[in-house]
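Look at the two complexes coming up: subunit A is in both, with subunit B in one and subunit C in the other.
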Partner chain A sequence: MSDQTLTVATTTPWASARSRLAGLGAEARAAARDPAFLAVGILLTGLVLVFTVLPIGTVLIRSLQPKEGMFTWENFLEFFSRRAYYRALINSLILSTASMVLVTTTGFVMAYLCTRGPRVLRGPLTFISLLPFVAPPFAFSVALIILGGRRGFVTQLLGLNVSIYGWPGVLLVQVVSFLPIAFLLIENVLVSLDPSLEDAADDLGARPERILRTVTIPLAWPGTLKAALLVFILAIADFGNPMIIGGGMSLLATDAYSLAVGEQNLRMASVLSVFLVIPSLFLFVIHRYLLRETRVTTITGNLASSQSRRSSPIILIPMLAVAAVVGLVILALFGVIFVGAFTEAIGVRNRFTLAHFVSQFGLQYLWTSIKMALSAGLLAAVGGIVLAYILERKRIPGRGAVEFLALLGLSVPGTVLGLGYLLAFHNPPLALTGTLLIMVLNTGFRELPAAMEAGMSKLRQLDVALEEASADLGVGPVGTFLKVVIPNIGSAFMAGLIYAFMTGMITVSAIAFLVSPGANLASIYILQLAEMGYLGEGCAVSVMLILIVFICVVGLKWIARRTGFDIIRGR
Partner chain B sequence: MGDTVLELVDVTKRFGAVAAVAGASGAVHGGELVTFLGPSGCGKTTLLRLVGGFLEADGGSILLEGKPLHGVPPHRRDTAMVFQNYALFPHLSVADNVAYGLKARRLPRGEITARVEELLKTVQLEGFGERRPHQLSGGQQQRVALARALSIQPKVLLLDEPLSNLDAALRVAMRAEIRRLQTALHLTVILVTHDQEEAISMSDRIAIMRHGRFEQVGSPLDVYESPATEFVATFIGRVNLIPGRLSPGPEPSHATFDTWFGTLTLRAPASPLGGSSNSSEVRAVIRPERVLLALPREPLPRNTFRGEVAESTYTGQVVRYTVLLQGKPLRVDAWDPVRVGRFPEGSAVAVQFPEALHLLPAEG
Partner chain C sequence: MFSRGRGHFTLGLVLSGLVAALVVGGPGLPQSQAQQVVNIYTTNDPPENEALFKELEAATGLKVNHVRMSSSELWARVQAEQPRVGADVQWGMPNAFARQAKKQGLLLSYKSPAWEGVPAEFKDPDGTWYGWSYWFNAITVNRDILAKKGLTAPKSWDDLLDPKWKGEVVMPNPGTSGTAYLAVSGLFQLMGEEKGWKYLEALDKNVAQYTKSGSAPAEMVARGEYAAAITWDQAVMSRVQKGFPIEFIIPTEGTPLDLDTIVIFKSAKNVEAAKKVVDFVGSERGMRAAAKLRSKVTRPGIPGLVTIEPKLMNYDFDWAGANQERIMKAWKDKFGK
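So, the complex of A and B:
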């Protein structure tokens, strides 16, 4: 047994903000001594302003312009006067809230079982909870149509007359799609809870149910709340699933798209986007800045404590029932994607075929996707890591603001950024619509925050003394960055690159506004196939995307194992 | 000393291939404080967690007031633990922490409030009930943990290195505090520590552990003055182990002990070595402070030998010498250096041994 106890305390954001303010003058002087990085910092900030802030700003401005040159609330009055518009807002809020509750509950159940449940089930349940991560989220919608759609497999088998389209379908698919992220966050919380607290409760006579209610849940609450807020943001921004399985239900993200692309009503599309941005940004700020509680985690390296985490049947049986249902649904949907990809038409002509894979468009668009995602990944990784270095190490005034603006790419729903690009880059000087470049820029700047965060967290673990030693030995700032910093945070760069590539392969929400017949992507193609009812080919393209994502995840796991840096878990 | 409260019978616990506890047997009596003392990895914490029910033994049995505890989870055991890091619930106030076990037992609200107040008074934390654990100092947190454990009136109180997170001065104060509570409330306590001073100053009995077994169980005086094994002798305090041959002396009440530096006359030692008419190889356990240093003067008194000071370290209350006897080192501690005076390095000294020595069988 080990007797050392390590106490890690993080400072409050307020304290660090105060000290930052106090140091502004000194920072400006220090930055002036480092002109190369000051220049790069200004350049990157400029790019973030143009490619992240400008499009969002354009959407906001457009929402206030009933006509060119006018600024009034007229559009918003129109929004609230027509049920067809404001219903989207109400539906979106209800859907996201419901999804948040369901996903968080399911995530908590799975995480609880994986940390305190029967030992033999922990591995399989973790696997199932993370499995949806490798699939493009909307692939589950395609699978659900095959299973439960109007001509669906299960529907016909049971002679059911209920429709999976609309609320039930979207909710079900969102639970499956967002389970991995909720699971990861909550599991992280449950693992890091000091086991001696639950032991102490047990020791004082509390039965497992009571421990769960009075110790485990209250202590896991802040972390669980963070997971819940993130799920809400993801759910309200979700575009692909409602498109495929929403059955025409009115939601902000999908309606904004239909208004913009279908009816060319950019004005109302912008208004809807504003209502998408407000809750997302609000919750994002809470999530990131207000819930960053001063957490004192006591890590006691005690071999003996591992055995004592246990639970009782009264808790485990209902939880296992939930896990069984969720697990079966996930496995069924996954199975259907694979079977559907190799079957002529599931439930109609159950014959093996490879035809879905060799369709000309599928492979062509997949190739475009790879080119696009790889370029966007490089942009995100290079930009993100350099920006991370400047923000974390160079005492440049306004760092907090730059970081926040860069993070907008992550926090603002894709629909808004898609519409923003459409509005901002349609006309000169930056007439980019219809090109591959606009998709690269859009995806790149949406993924840049992930790489930036990866870089910053890696840099925080890297002792500044290394850089000081390099400077001390006569190497300049740029040389130090290339020779000392990059080799040591290379894992964050690679992880950022792979992660951005992977996300770029399966993104739909923003890109849907930007694709053109000449430059179409595999992920969008699945959407189009599903709309036209070519489900087999939809499954086949999904399978190819799943394989690519799977390879990426394996790569990320490899990096995590070799360097201890896990971008998916964010630590 | 009261009746047996807790009995350990051949308790075994394995982690994979490692036997953390390998056949520990012993008993704890009512109202006594027993310390499990041993180096890191000796199994003392594992054994304590077995008693608390946080681990289940692979073999043997643990009996509380005669009833086997096998399969009884912690919340149904009449034991209470003070955790090394206190494990205070950070989301609950001090009073709610102390009330936690009482609420789990569904006591009436009024009674809980009264009990909590009384307990906080017992640990001298009146008026701290509304605070949160993180607003307290380490020593205060420790008291809350104690009050919380005492709240359920355990038959055995388990203390897992309770003082290891406190600074040196507070540690000494808390030793006395815990001892005071233990005697006043007539508590039966098992304390786990690797700090020998803590063990010696607080315990009624000490159980020295090694490789998952009890090496020796006895009063602090016993284990210090009459260690059963070389491990115990060297683990507790500093020691000289002097090999030699023990033979019957010229008078029946005495024995002679031949060492590398000469022959000592001993009062006839007790068994297992005494009584034999043959001579035998033994090792004498000689604590550094039992040896006296003086200026050499002729003739040398009984059991006194010439030596030379090789090294002297002043530590305040004691001067630690290394004295060479016929070229081989002996540790000697001389107290009160101001009154006694110091012997400079290189000076000749007379080294006097006591007539009563604790003996161990020779190695092997």
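So, the complex of A and C:
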């Protein structure tokens, strides 16, 4: 046994290294036959290096520099010696963990009900679980202040005397904001999970609670774990909600912003950012590379249908109770955003008004947002799709690394990329701060991975034989790409574009670092309005954003229905 | 399948063209083609900006781009950006900051003819800063909550220390808000720094929340979220006018007063436009627009919103400016959450 291990240990690395080297050589030769794509590939990689990797690297370097040209751990020692700093790390870890548990549980309950609950409720519950997707997440914080503030409707109705600012508010809003993503991932697993296994357990006399515990949950575990990790990453990166409803609580993402923007303490902001990057990146790697299998393979030939399975009341009733509460909260929050937008001072003077909509700034910023998000969306979609094609089809050496680097834009919290842009692009040669272009680049490269993933998954469905046939008929690589590939992945391109546009409209975390006269966005404006207590105006701008996002989602659904490609569900 | 995919692609191309047109088409709404632009940093509240910029644009034909932040945030931003500050003008800057910026050589000297009628005490003799209005700290309370809880309105700073206010007071964060720093440094000057810290520690027991902006506490009290707030005069007055059930209180010990200034940065790219802004703010028309929003403006003969003479303390701008960084840091260590 130990002999074998030894042999394996001594020979394998050499052999594999040699074969990998040989492979690289072959790949390089193959790539050299396609100079156009090699050049585009190198160009895109270069852009990713400059606009994704460089800013993150700058933050890391800055965190190790107490002064220019000096490298020590001094900043980190300072971080751990002042409670005002390290408290942010502790709070962030606690909050993200709590949020992860709550969101995943809620997501599981909703997904379970939508696949195994009463059939009449499946449609409405799916709708409610996905509804928060169309609102800018921080809009819920604004609504929650109106509903659950000390003089909020609910607070007064129930005679509560609790403060919604701080932990309870942020947690509640995060549950609502991240529910759709958790729901989608878990529902994905539960749908593909063969109900006959649960039926079998049932036939063998297991109690419903035992089936759930020993059959359903273990089988759904990989997908649920993936959802949980993603929620943790989203929660620790969340910026808008704590900003509005955190009541000044210390968290990494918001404190890094306050330190950088409020005090220009870029050094300490960088240290906080490093503590944001470490857990996010760690979990992202687990999420993506160690938990590759999302769907539990149930080898039964025909696709498992969920309609045959109906769970028992013992399970369903408590779950329905949870769903009812969550559903009510979501509907109430949405309702308040719309009512608040048309009310003079909601809760104080409930008179109808359109005044909140005529604000000159709101419309002006909305227009800037649209321009910014469209440009960024286009950048993300074109860059993402071309990169996807090159990574998926052209055997370029080091493509795994390029893919990973591009994905950093998605996995690293926006705060870090905002700070990174501020640090890396303030001085020549790339003095971009103070322009709208810097926002376009920032958002574009943060959204590029989504379009890239969409392109790659679409390409995997597309038989390579089509392209080979085109090549055999004498069409060059560029011609093949334009005439054969593009028409077939057009849906991924459009989906990537709309998706990036939509996310660009509601992004705040990175962009908040980059505002300047002439580059002010609607999403940031809501933050400012909420922070100053102008809730009516905040609701009005939120309503406008919701409508835009809603139209985008309808567009994406339309693409999904016509071409079978659903970017939101990732398949 | 093919035609459908191509359809999406074509649609994408059409959109690309649209985007290109939008981005090339200039920064503003389509009508703003050849307009002269001015970039403004401001600490004024959004409704103030909306009214003032509209008037400014009407009077000068300029197109205004702006960023609104709390005064300490903007100060930090200017410090980080200098010598190339990202705006031409800052409209709304605590006088202490303007004096410091002048010492650092960040400000453009411009002797504006429009400011001739304004008394010399409100202007820098070298023309680097101009005081357009003044503002002071005020306390506000919500009458409805007071009635419900059987509380009586505080008359002085000291009254806010009474344990009956526990969890009912909101004030801005001195780390970000000029309003809060004016109050804190004013109290320090009033009672001495040592006693001042003791006061803040006692007050902290009653404070429910420290907000980033100086006006937010007034809005929270107006909405009835909290009973009492430390804020500034106009944040209260504008809400009294709107009919919110709140009261305007000047503490009996006296309250610190700040002169709100406007400056042009030396690094300004649009110097001509920036001068037009300063001219406008000092002009009769500009001052009248400001007088609708502020308690008092500096041009004689134009009444502001407050006619009573508040009991003001003798506020030392230079002491306030010199000690700001130290006090902010100490405050954060003591009271940061």
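Couple of notes before you dig in:
Keep in mind that, in the parts below, the second predicted complex is superposed on the first by the 524 of 571 C-alpha atoms of A that agree within 3 Å, B and C clash if a C-alpha of one lies under 4 Å from a C-alpha of the other, contacts with A are read in each partner's own complex, and residues count from 1 in each chain.
The rule is short, and it goes like this: a contact is a pair of C-beta atoms (placed from the backbone, for glycine too) under 8 Å apart; a residue touches a chain by one contact, two chains touch by 3 or more.
Values in this document were obtained by computation on a predicted structure and should not be read as measured data.
Look at A:Gly247: by the touch rule set out above, it reaches subunit C but stays clear of subunit B.
After overlaying the two complexes on the shared chain, residue contacts for A:Ala510 are found with neither subunit B nor subunit C. Contacts of A:Asn520 after superposition: subunit C is touched, whereas subunit B is not reached. Of the two partner chains placed around the shared chain by superposition, subunit C is the only one that A:Gly533 touches, whereas subunit B remains out of contact.
Within the superposed three-chain model, A:Leu407 lies out of touch with both subunit B and subunit C [touch as defined at top].
Residue contacts after overlaying the shared chain place A:Thr214 against subunit B, while subunit C stays out of touching range.
In the superposition on chain A, A:Phe361 makes contact with subunit C only, not with subunit B. When the two complexes are superposed, the chain touching more residues of subunit A, out of subunit B and subunit C, is C.
Taken together, the two complexes place no residue of subunit A in contact with both subunit B and subunit C. In the complex of the two chains, the subunit A residues touching subunit C come out as 82-84, 149-151, 163, 165, 247-250, 258, 261-264, 266, 345, 347-349, 359-361, 364, 367-368, 370-371, 374-375, 378, 381-382, 433-434, 436, 486-491, 493-494, 497, 515-518, 520, 528-529, 531-535, 537, 559, 562-563. Chain contact summary for the complex, subunit C toward subunit A: residues 1-9, 11-12, 15-16, 18-19, 22-23, 27-29, 37, 39-41, 45-47, 49-50, 53-54, 65-70, 72-73, 76-77, 79-80, 86-87, 167, 173, 175-176, 208-213, 215-216, 218-220, 222-226, 242-244, 332-333, 336-337.
Of all residues in subunit B, those touching subunit A in their complex are 15, 20, 40-41, 45-46, 49, 52-56, 73-77, 79-81, 83-85, 87-91, 100-101, 104-105, 134, 148-149, 151-152, 161, 164-165, 194. Touching subunit B in their complex are the following residues of subunit A: 1-3, 5, 194, 196-197, 199-207, 210, 214-215, 218-219, 296, 298, 300, 302-305, 307-308.
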